[in-house]
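Going in written order, the chains are labelled A, B, C, D, E, F and G, and every chain counts its residues from 1.
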Amino acid sequence: MKKEINYTQAITELEAIVSEIENASIGVDELSEKVKRAAELIRYCRGRLTATEKEVNSILNNLGNDENIQE
Amino acid sequence: MKKEINYTQAITELEAIVSEIENASIGVDELSEKVKRAAELIRYCRGRLTATEKEVNSILNNLGNDENIQE
Amino acid sequence: MKKEINYTQAITELEAIVSEIENASIGVDELSEKVKRAAELIRYCRGRLTATEKEVNSILNNLGNDENIQE
Amino acid sequence: MKKEINYTQAITELEAIVSEIENASIGVDELSEKVKRAAELIRYCRGRLTATEKEVNSILNNLGNDENIQE
Amino acid sequence: MKKEINYTQAITELEAIVSEIENASIGVDELSEKVKRAAELIRYCRGRLTATEKEVNSILNNLGNDENIQE
Amino acid sequence: MKKEINYTQAITELEAIVSEIENASIGVDELSEKVKRAAELIRYCRGRLTATEKEVNSILNNLGNDENIQE
Amino acid sequence: MEQAHSQSERQVYSLFDITESITRMFRKHYAMPFWIRAEISKLNLYPHSGHCYPDLVDRQQGKVRAQVRGIIWRDDLFEITRKFESVTRESFREGINIMFLAYVRFSSEYGLSLQIIDIEPLFTLGELAREKLLTIERLKKEGLFNQNKLLEMPLLPSRLAVISAETSKGYSDLRVTLENNVSGYRFHLTMFHALLQGDGAVESIRRQLLAIQAQKHLFDAVLIIRGGGDETGMSCYDNYALASLVAGFPIPVITGIGHSTNETVAEMVAAINKITPTAVAHYLIGRFDEFSHRIGNAAAMLEVSARLILQTASDRFAKASEDFVDAAFELIKNEQQHTDMLGREIRDNVNATVFNHRIALSRYETGISTGPARILMQSDSKIAELHRLVQVHKNHFIKQQIDQLNHTEGKVKLLDPVNVLKRGFSITRLNGKALNGNAKPAAGDELETETLSGKIFSTVFNKELS
């Protein structure tokens, strides 16, 4: 996966894939490919979510610490 | 953070961020940024509050001291 | 504080500030300024009261002395 | 104080000032001025009374002295 | 004092002044004037009484002496 | 004293004056004059009691002449 | 006497024959004395012989209707005079009516006469009294009686016309008493000589009274003074002519005739009557004393009253002056108190005003002190809330994303051919391409069938297509 992709793009692509798959307008062969791709994207997104959550929690935790320090 | 911002603007921005997060009108990509910004704003506001409190207390203490001196 | 202000204006302004503060219709940004202003006004009014009292007492004491001298 | 004022006018003005001060219909700003004026008026009234008293005493003394001389 | 006044008028006026003062139908402003006038009247009356007494005594003494010489 | 008065008129006037003075119907203003007049009258009346030789001689002379004329 | 009637045979008598005949007849018929009343019109006393030949008359209404000559021999005269005067206190004189015992005599030589040998003085006394009464009545009738009394006596009768005898004791008494008055009063006496009793007194006094009347302006009063000597001949003062002159005299008459009997008419009508000249003098001095007393009274009263007036005026003046001073002081004191009170009120009220302002100020100060903390606390709460909301919404946001992702993943998994295989399905491919409903493989086509467990290769030998 190219690094340039962001979460939104990933999700967008994923949703497009899901939509394609659901419409059964693709063949099994492609399907497999698509599923593979979707899996990749899901993995990526999940990773991003986890990373974001971690980051955000870290930020907020620091804030909370600040607060504690202040108090 | 730009110096030009004031407490009210900070609170307004903060509330907007909260609302955005609540309404999920932002993407995961921005979340981190937004939360960071929120944290900054919270820190800023808290700082302002602390500073204001200090200042006000100082003013009021001086006033009280004046009074004592006078009496 | 400008010299042109008088006690009545000062107390009027002070009352307005106190009302604003009491009604919490004042933001944090202005709070400090307002309190500072209020402190100034209180100090001014106090000064005026003390000065007036002193002056009046001095006048009346002189008057009293006159009386004693006369008697 | 203007020379043109007489005792009755002085007392009337003085009473008016007392009434004003009593009814708190006078501000702190004017208070000092009013008290100063009142003091002037009191001093004037006293002066007038003292002068009159002196005169009466002079009559009394003359009365006494004359009497002694006569006897 | 005008020369035209006589003792009876003077004492009557004096008594009228006393009555006015006693009935408090007179202010301090007039009192001053009245005091001055009363002083004049008192002086005049005293003078007249003394002069008359002297004159009458002298006349009566002379009369007495005449009688003694005769006897 | 006017020459025209005789001692009868004199004593009458004297007694009238004394009566006036006695009844206090006379003021200080007139007293001196009245006493003076009374003294004159008293002196005149007293004089009449011990009339002078001159007067008598004058009468005598007149009488003598009259007698001569008659005889 | 018959022959006298005959004209032819005329008998002529000598005068003597006739008078002798009358004498005989008188002796025969008038042998006894008679009581006769008559007026002595003239006394005709002959001092040398001592005999008296009074002319006796009888008057009716003033007219003489009888007149006879009387004879009183010296011895008789002496006795008659003594008897008469002792009873009547009046001299035996002309002009009086008498009742007498007399012989009616006739003498050839002297004619008719009455020889008086005795007298009844009581008759004369009565006559005098009657005359006095008549005088009084007449004076009253004429309105003269009180006239002199009604004259105003000068307060100081000092110029006095004195009718008296200069040598008389009465005059002397008067003069000495007046001159020796202790008060030194001066009297001026002008002497008018007159007979003061007996015959001639009336005329004498009247003449002098008239003389005085002529110069009445020179005198305050007329004094008729008589003193010492006997008290006979006083009836002259009852005489109408004299009494009426006195009564009507234009200036007061004072009598001091000095007698012990009844008042005479002149004394009655005089303005003032004193018994003796000394009493007259005392009266006059008394007038002066009275006058002097009046002057003294007036002088004393003048002094007392003048001093009283002065004292009263002085008291009134003193009271007015004191009252004035008191009232003025009172007024000034009240005003001072008033002024001081206003001063105190100003101080109190100013202090109260300042105090109230202080309280207001401290209330504002409290407001200022507590307000900011509340604002800050509110602000702090708000920030904390926002902080919490960021946390909550962030979690929610992430959870949503995860859920969505999981959902998508589920969907993807469901559609994954692998999973189809697992349920027993297989995928047949022709020439590497999966056959779908539209595929029309020809017999002999080599097919590749993928199953879960691997690939199966086969060749088409028939086909049943719809």
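Please note the rule applied: a residue touches a chain if its C-beta (ideal position, glycine included) is under 8 Å from a C-beta of that chain, and two chains touch if they have at least 3 such contacts.
Not measured: the values here are computed from a predicted model.
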Between subunit C and subunit E, which partner chains are common?
D, G
Busiest interface, judged by C-beta pairs in contact, is F-G
I'd like the angle of the rotation relating subunit A and subunit D after CA superposition, in degrees, nearest 5.
50
Quick one: which chain's Cα centre is the longest way from subunit A's?
F
Suppose you list every residue number at the subunit C-subunit D interface; are over half of them used by both chains (same) or under half (different)?
different
Rounded to a whole Å, what is the gap between the Cα centroids of subunit B and subunit F?
130
For subunit A paired with subunit C, centre-to-centre distance based on mean C-alpha positions, whole Å
66
Roughly how far is subunit B from subunit C, going centre to centre by Cα mean, in whole Å?
33
Using mean CA coordinates as chain centres, what's the subunit F-subunit G distance in Å?
27
Residues of subunit G touching at least two other chains
184, 299, 302, 306, 310, 313, 321, 324, 328, 332, 335, 343, 346, 350, 354, 357, 365, 368, 372, 376, 379, 387, 390, 394, 398, 401
Indicate the residues of subunit E shared as contacts by at least two other chains.
7, 11, 28, 31, 35, 38, 42, 46, 49, 52, 56, 60, 63, 67, 70
Please list, in label order, each pair of chains that touches.
A-B, A-G, B-C, B-G, C-D, C-G, D-E, D-G, E-F, E-G, F-G
How about subunit C: which of its residues touch subunit G in the complex?
11, 14-15, 17-18, 21-22, 24, 26, 28, 31, 35, 38-39, 42, 45-46, 49, 52-53, 56-57, 60, 63-64, 67
Per the contact definition, I'd like the list of subunit B residues that touch subunit A in the complex.
27-29, 31-32, 35-36, 39, 42-43, 46, 50
Residues of subunit G touching subunit A in their complex?
384, 387, 390-391, 394, 398, 401-402, 404-405, 408-409, 411-412, 415-418, 427, 429, 433-434, 436
Mind pulling up the subunit D residues that touch subunit E in the complex?
6-8, 11, 45, 48-49, 51-52, 55-56, 58-59, 62-63, 66, 70
Residue ranges of subunit G touching subunit E (in the complex, touch as defined):
184, 299, 302-303, 306-307, 310, 313-314, 316-317, 320-321, 323-324, 327-328, 330-332, 335
